[in-house]
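Both complexes shown next keep subunit A, but they swap its partner, so subunit B is in the first and subunit C is in the second.
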Partner chain A sequence: MGVEQGGSSPLGPGGAPSLKGPGKHLLKPYLGTWRIILPGTPGVLPSVCLTLPPHQEVSSDGAPGAYPSKNKRTHLPTVWELESGAGVGRSFRGERKGGPWTFEERPGVKVVSAGKHCVLCGIVNKSEVYKDVLSEFVPLYQDFENFYTRNLYMRIRDSWNRPICSVPGAKFDILERVSYDYNWTFKYTGRIVNDVINMGSYNYLGFAENSGVCADAAAEITLKYGVGVCSTRREIGNLDKHEELEKLAAKFLGVDAAMAFGMGFATNSMNIPALVGKGCLILSDELNHASLVLGARLSGATIRVFKHNNMQSLEKLLKDAIVHGQPRTHRPWKKILILVEGIYSMEGSIVHLPDIVSLKKKYKAYLYLDEAHSIGALGPTGRGVVEYFGLDPRDVDIMMGTFTKSFGAAGGYIGGTKELVDYLRTHSHSAVYATSMSPPVVEQIIASMKCIMGEDGTTLGQERVQQLAENTRYFRRKLQEMGFIIYGNDDSPVVPMMLYMPAKIGAFGREMLKRNIGVVVVGFPATPIIESRARFCVSAAHTKEMLDTALNVINEVGDLLQLKYSRHRLVPLLDRPFDETTYEENED
Partner chain B sequence: MASGQQWVLVEMVQAFYEAPAYHLILEGILILWIIRLLFSKTYKLQDSSDLTEKEIEEIIEEWQPEPLVPRMSKEKPAPSYNIVSGPPCHKITVNGKQCINFASFNFLGLLDNDRVKNQALQSLRKYGVGTCGPRGFYGTFDVHLELEDRLAKFMRTEEAIIYSYGFATIASAIPAYSKRGDIVFVDEAACFSIQKGLQASRSHIKYFRHNDMEDLERILKQQELEDQKNPRKARVTRRFIVVEGLYMNTGAICPLPELVKLKYKYKVRIFLEESLSFGVLGQHGRGVTEHFGVNIDDIDLISANMENSLASVGGFCCGRSFVIDHQRLSGQGYCFSASLPPMLASAAIEALNIMEEDQDIFRLLRDKCKLIHKELQGISGLKVVGESISPAFHLQLEQSSGSRESDVRILNRIVEYCMDRKIALTQAHYLEKEEKFLPPPSIRVVVTVEQTEEELEMAANLIKEAAQNILQ
Partner chain C sequence: QVTMNVGVAHSEVNPNTRIMNSRGIWLTYALGVGMLHIVLLSIPFFSVPVVWTLTNVIHNLGMYVFLHAVKGTPFETPDQGKARLLTHWEQLDYGVQFTSSRKFFTISPIIIYFLASFYTKYDPTHCFINTASLLSVLIPKLPQLHGVRIFGINKY
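Showing the complex of A and B:
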């Protein structure tokens, strides 16, 4: 295909970034400073990229293998374990569900060297590829805004946007691409890397398939309806299929009524403004997804942020809000809406829903629960985080979720009381202004949802839900045994593994792909800059062999890149019961 | 000089030793006090309440929030949707009635094109339906890259970027560039997705009268004067003009050549939303730039959705790489949303193929627009609003019956009258409280290439008849 991404004026060989030139002078003072601050750290530079993109040469003294040696870890501050949400989280301890929320404190030296990585990367690369032709205009975006892009992201961006050319199932095929100019542009070699194990897609229940019941149903509808709708729900784009989906979704969720929208992101950003407005208060978790944040902003309501999954912080905000009312005027708030997610996509943590429900009842607030990652993936029958905690779906005022992940389709839904859904049907921005969902996509959701509910007369859906739960526990347990720091809840299929250092993002992504595993790596701005991480998404479609292969490779790469930060080694399972969670210190 | 200073220093140290203890303590307290004044907050965000626990509990007990959604009144039940059974193509079944479709934006009739369907089907058999991830995390498929490449080539721009939702396209593109403090000049008739994009950008927004270039120049001049007062601020304030190629709300075409002149005169960038004009205007369907023969490089960003002419789902932006590439990290709807299902991308590619092969289709569409436009002239009580070559135009009441509500009711009777007689029409629906400048109520008529001349004449006659029966 030969598609060339990016650069209008590709960087010539002369412009290749290196440590020579003006950068060299800048480097010394920085190095000196760091040495003074950190007398204990190794004098060699941590290499910016341990593994370089194909055809890239190692430049001057950024030699690989210059990582701090292993014995340096004895200098680390004591690593301890925290229960997320301290006191409140404790109420879940010892319960069958919930499990321990483990958040291991990051080792201090790693933080510092993570910061150092940023500084070094910044000095190395000063090349300009993108030029604005309208030079007399005010610049379209600031150089400062670009600092991160040019200096960090560009060096490791081959770990993202990898194009695939197959179903995003348990294994996928990746188009091979190379860069001759340090990732400023990519060239496709025309070769395909086959059968890469997919640990990155949100294919929790394995419904990303090109054959089988769901795909057949979608194929039939494609031929019958076509793929577009060319109108909005409010005008003349309300198909019988949409109505069918909404009835089924309401039944699945256990609510009175539901409404479906064409895009998960827009479900949040275009419906929150319909529910709250000026004079209302939104209490939002600090790690909420961008779509929730945007929706909250567009609504015009006052937004206050509470600490991630921290019930004390939420309760304090609720209490203050009701006692003090609106700022300055002290009028009482019209409504208070709590925005939370079921599973947080970057942390893997499950929301403390029982506590939130009791707080919401106590303070008469409304609860908006975004189940983008949890619907289908949690609970004994895949009904999401509400079922996981054994709660009544009616306790949650607005049940929101997406069809992108567990259902292998696209779009989002909102479920709740009949009044709520009727109101949204006339006031949702999406229903009035946006084109309705594509019929084959709707059919895929209907077919997969029926499968999960067992309405197709089989137990295949139920088996997928169970398989996912087993795979999740197995995969998380194994990673912990290997000594990685894993965030999140034991039952969460989103498994973030800490890398900390930005340079390890690129290294990990590349080393894993080299060994035929596709992983997602995340750094700034999705996470704090010193908390870079890799994220695995476990799927019901993964077989035990695939998981074992992936785990072996992670183990190998983890040793290579020294990612086993954890000081708490789980004793490998022998014949002990599966859910035993005794932590024992392992002396190395 | 130097020795003198040294002497003063020595004396100071000596004085320090000789000073009595109470003096030092006093000085110390004063210094601490100054430090405290410097670093303490001047006011408290929330004055600490001297309420007792019991009082707090009572306040919490007393507070009653408004209901989450306003209760629906019994007399005015929520209007229900039309239910379309079967495919929403040329022949459409609305609420059980078989009609000819004059309401969906299926301009080129590609919705039920067999080639498009087959291509989508092949794609479905290769990739499945969903992408299970955003573009960054293995949600980029080869068909996405192909579609972006094809769109860029079709529009003759350097680069294109696709979004998975038409509405989110311009609504994400605007805040990717325009930030707090920047200035955006917008036409009053701009569609809702532009309004939402502007709101998300938190920029300073200045509206000019619909298609009124003098008014735009007036506010541009005003801005120039203000800039001269504060040149330092002006140097970092980005300015944009956001216009639509063919206005959704009025059916009018924007005067692009004048806008381009103003762009270079006042150094303002132009963002052009072409959802209706893409695949409609111009000899090759490239939109309003081709219609006016304006060099596409003079437009900074063109955005359009693929939900009208292309009869798929999603949207795209195109322009120079310098501009478009920025969205790959800053376009919220691009970064944080699952990517477009590959089968929909394949359908859009095939639709582009058809558009490239058959350029007659655009001329045909224009002829049909002109035909029905001519037929609809001179209906007493109804006026046609929109350009004669616009495939989507509005029928408004010549004279309002007094209130918006009753106007809507009258128009609704016309729509129902036609629907009963096999012509499917729809009113243009708006969220009345949310629109910045609410357009008057109207019936939106959509012309497609699939409608035959007889059908167009029939529709025109029927609308005339309905207007006569209902308005008189």
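Showing the complex of A and C:
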């Protein structure tokens, strides 16, 4: 880091000197016209960058704010230096002394001791000098907050956002990419990896296809109705197709009426505020999806969180709520709404619906069930978690779901009594302000729903539902036998397999892709930092051969990466006949 | 207030608040301190009292830096920067005092101090160093000093 004079500044003549070192932008207002260079810290994800990338005179991309070239590692400060504010203290001392500082690579031990020294210098000096400046402005971006992103996420981000060039069905094609700078930039090799088995898409019933009945129907409707509606439901955007869809959805779910919305996320976030408000209580599960959390926070109601799928925790909260009422006034709550999901997408666990329904009836609360992943995927005829448990759909006050996962489309719905749905038609934010669903999407949902219900005259839908159930059971059973730790209920098609170590997240994703399987790996912040996992989504479109291939590959990679953490070993059902010496299914 | 917890599968706004309650972290911390002590003991020219004083001082220095000096979070949180000016100690459990993690991390430097005092045979120089170090790490933990920045040090 140093103060360099004149000529080598790439931004043209003028000889304005530039400072190097992290945190230098903090000195900018102090130094007037001096430009500042910030080596090492990337220009960062938003394009706001008060600094230039280092050594721009040698890099080819001239735009300021681009990611710095990571080839020259000699000048990059170590992570320790950046985070300890080493630069700030150091430069400030440099300022005081007036001499130039050079920023060369330094041996490790010196860095550590220098860093500690600078932390203390930086702490003392930073506050005195920048107090006036910093108290007026909120920093746009903080070096420390993107510590995780820069150091962990960037290194393994080739496992996410992979560009594909086919429909994400049971198999798909991926564009191959390489990175020569540790995933800061990607280059396409031009090769397409064909027929990668897709274990990551939410394609439970296999409707993600671009040929077949649903696709043809959607294409026909595009020709007839056009691509978009360009208006809201309450103005002139209500088509007969929407009404047909809503009647069909109500029939599918077994409720009085239903309303459909353009986005699954928006269904939750826009409708919960319409249903509850200030003075109401929301009891939401710990692991609820972001849309439910956002909807709950937007509504202004009091939110209390109960432990995941834990009925004792929920009952305790209900009892306390009813006994004590609202926090200070002790008035009774206007409404108590329990927010749960059918299948939780990160855990694969199925909600204990019978217990919740009995609790709700006992304490007279309302139940909002978000069946994003479970509609179409659970139950003997695919009607969701309510059918899976054999309950009455009228027990669930608000049945919400999405069309994204099992129906191969987009959007969400809410089903319930006619009064509820009529109220939502007038009071929901989506109905008033959001564009209505586009006709081809609506037709896709109608076609796929009819297929599942059997109304198109074939048994294809029923076969798909059964195929999914078989695939799920088989896949889960085999993975458990192999010795992996799998979360979730045995019937849920969402299969999270624990990886635990951050390094294994990247390793697993890459090894699976090398062997032609595409998987989704999840880490912090979506999961707790030590519970990273790989999440498989079983589909009805997977044949047994595909599942066997995938399982063999997972077995191989699991041995390679030592992922077989489970200490319970399931006795394989077919290999060992039941004789007088095996009474337990689990043999430790 | 509204926050968007987009991209996360849990409703926790700031994971820093509950990381010290998570499974295995107290044990990891204790083992870490033990490892530090063993490494220091392996250095041949340090006598046992010096090693204990060094363990105490280095542990307290590390604790001060990570719990009371570094502010904010190393990851982005959807709380719109509420925790940016708070040290980790102040973020624990959303500012609720006397939770079990806080008690654990208050008591552990005291235990190390007792052990260090014993093994240094209550020598005055060592005692002075150890006591100063202990105070530097105990005083910021007082509930009265929650959010307090003396002389504006570390305020922004």
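Please note the rule applied: the second predicted complex is superposed on the first by the 435 of 588 C-alpha atoms of A that agree within 3 Å, B and C clash if a C-alpha of one lies under 4 Å from a C-alpha of the other, contacts with A are read in each partner's own complex, and residues count from 1 in each chain.
Quick note on the criterion: contacts are C-beta pairs under 8 Å (C-beta built on N, C-alpha and C of every residue); 3 or more make two chains touch, one makes a residue touch a chain.
If you're wondering where the values come from, they're calculated on a predicted model, not measured in any experiment.
Colleague: So, A:I530: does it touch subunit B (first), subunit C (second), both, or neither?
Modeller: second
Colleague: Between subunit B (first) and subunit C (second), which does A:L298 come into contact with in this model arrangement: first, second, both, or neither?
Modeller: Both partners, subunit B and subunit C.
Colleague: Going by the contact rule stated at the top, is it subunit B or subunit C that touches a larger number of residues on subunit A?
Modeller: Higher number of touched subunit A residues: B.
Colleague: Now for A:E176: first (subunit B), second (subunit C), both, or neither, which partner does it touch?
Modeller: neither
Colleague: One more residue to check, A:E455. First (subunit B), second (subunit C), both or neither?
Modeller: A:E455 contacts neither subunit B nor subunit C.
Colleague: Check whether A:D256 is in contact with subunit B, with subunit C, with both or with neither, and answer first, second, both or neither.
Modeller: neither
Colleague: For A:D548 in the superposed arrangement: first (subunit B), second (subunit C), both or neither?
Modeller: Touch status of A:D548: no partner.
Colleague: Which partner does A:V138 contact after superposing on A: first (subunit B), second (subunit C), both, neither?
Modeller: Touch partners of A:V138: subunit B and subunit C.
Colleague: Tell me the contact category for A:A290 with respect to subunit B and subunit C: first, second, both or neither.
Modeller: Once the two structures are laid over each other on A, A:A290 reaches both partners.
Colleague: Go through subunit A and flag every residue that touches subunit B in one model and subunit C in the other.
Modeller: Shared contact residues on subunit A (touching subunit B in one complex, subunit C in the other): 130-131, 134, 138, 149, 289-290, 294, 297-298.
Colleague: Would you tell me which residues of subunit A are touching subunit C in their complex?
Modeller: Within the complex, subunit A touches subunit C at residues 83, 116, 119, 123-124, 126-128, 130-131, 134-135, 138, 142, 144-149, 284, 286-290, 293-294, 297-298, 305, 344-346, 522, 524-530.
Colleague: Where on subunit C does subunit A make contact in their complex?
Modeller: The touching residues are 1-11, 15, 19, 22, 24, 61, 65, 69-77, 81, 84, 149, 152-156.
Colleague: Given the complex with subunit A, which residues does subunit B contribute to the contact?
Modeller: Residue list for subunit B touching subunit A: 46, 49, 51, 56, 59-60, 63-66, 68-72, 78-79, 81-89, 92, 94, 101, 103-106, 110-113, 116-117, 120-121, 124-133, 135-142, 144-146, 148-149, 158, 164-168, 177, 191-193, 196, 199-200, 235-239, 267, 269, 297, 300, 305, 307-308, 310-313, 320-323, 325-326, 328-330, 332-333, 335-338, 340-341, 343-344, 347, 424, 426-431, 434, 444.
Colleague: So in the complex, the part of subunit A that touches subunit B is made up of which residues?
Modeller: The contact residues of subunit A facing subunit B are 1, 3, 5-8, 130-134, 136-141, 149, 153, 160-169, 172, 175, 198, 200-203, 207-211, 214-215, 218-219, 222-240, 243, 262-266, 269-270, 273, 275, 289-291, 294, 297-298, 319-320, 322-324, 332-336, 362-366, 397-398, 402-405, 407-410, 419-420, 422-427, 429-430, 432-435, 437-441, 444, 518, 520.
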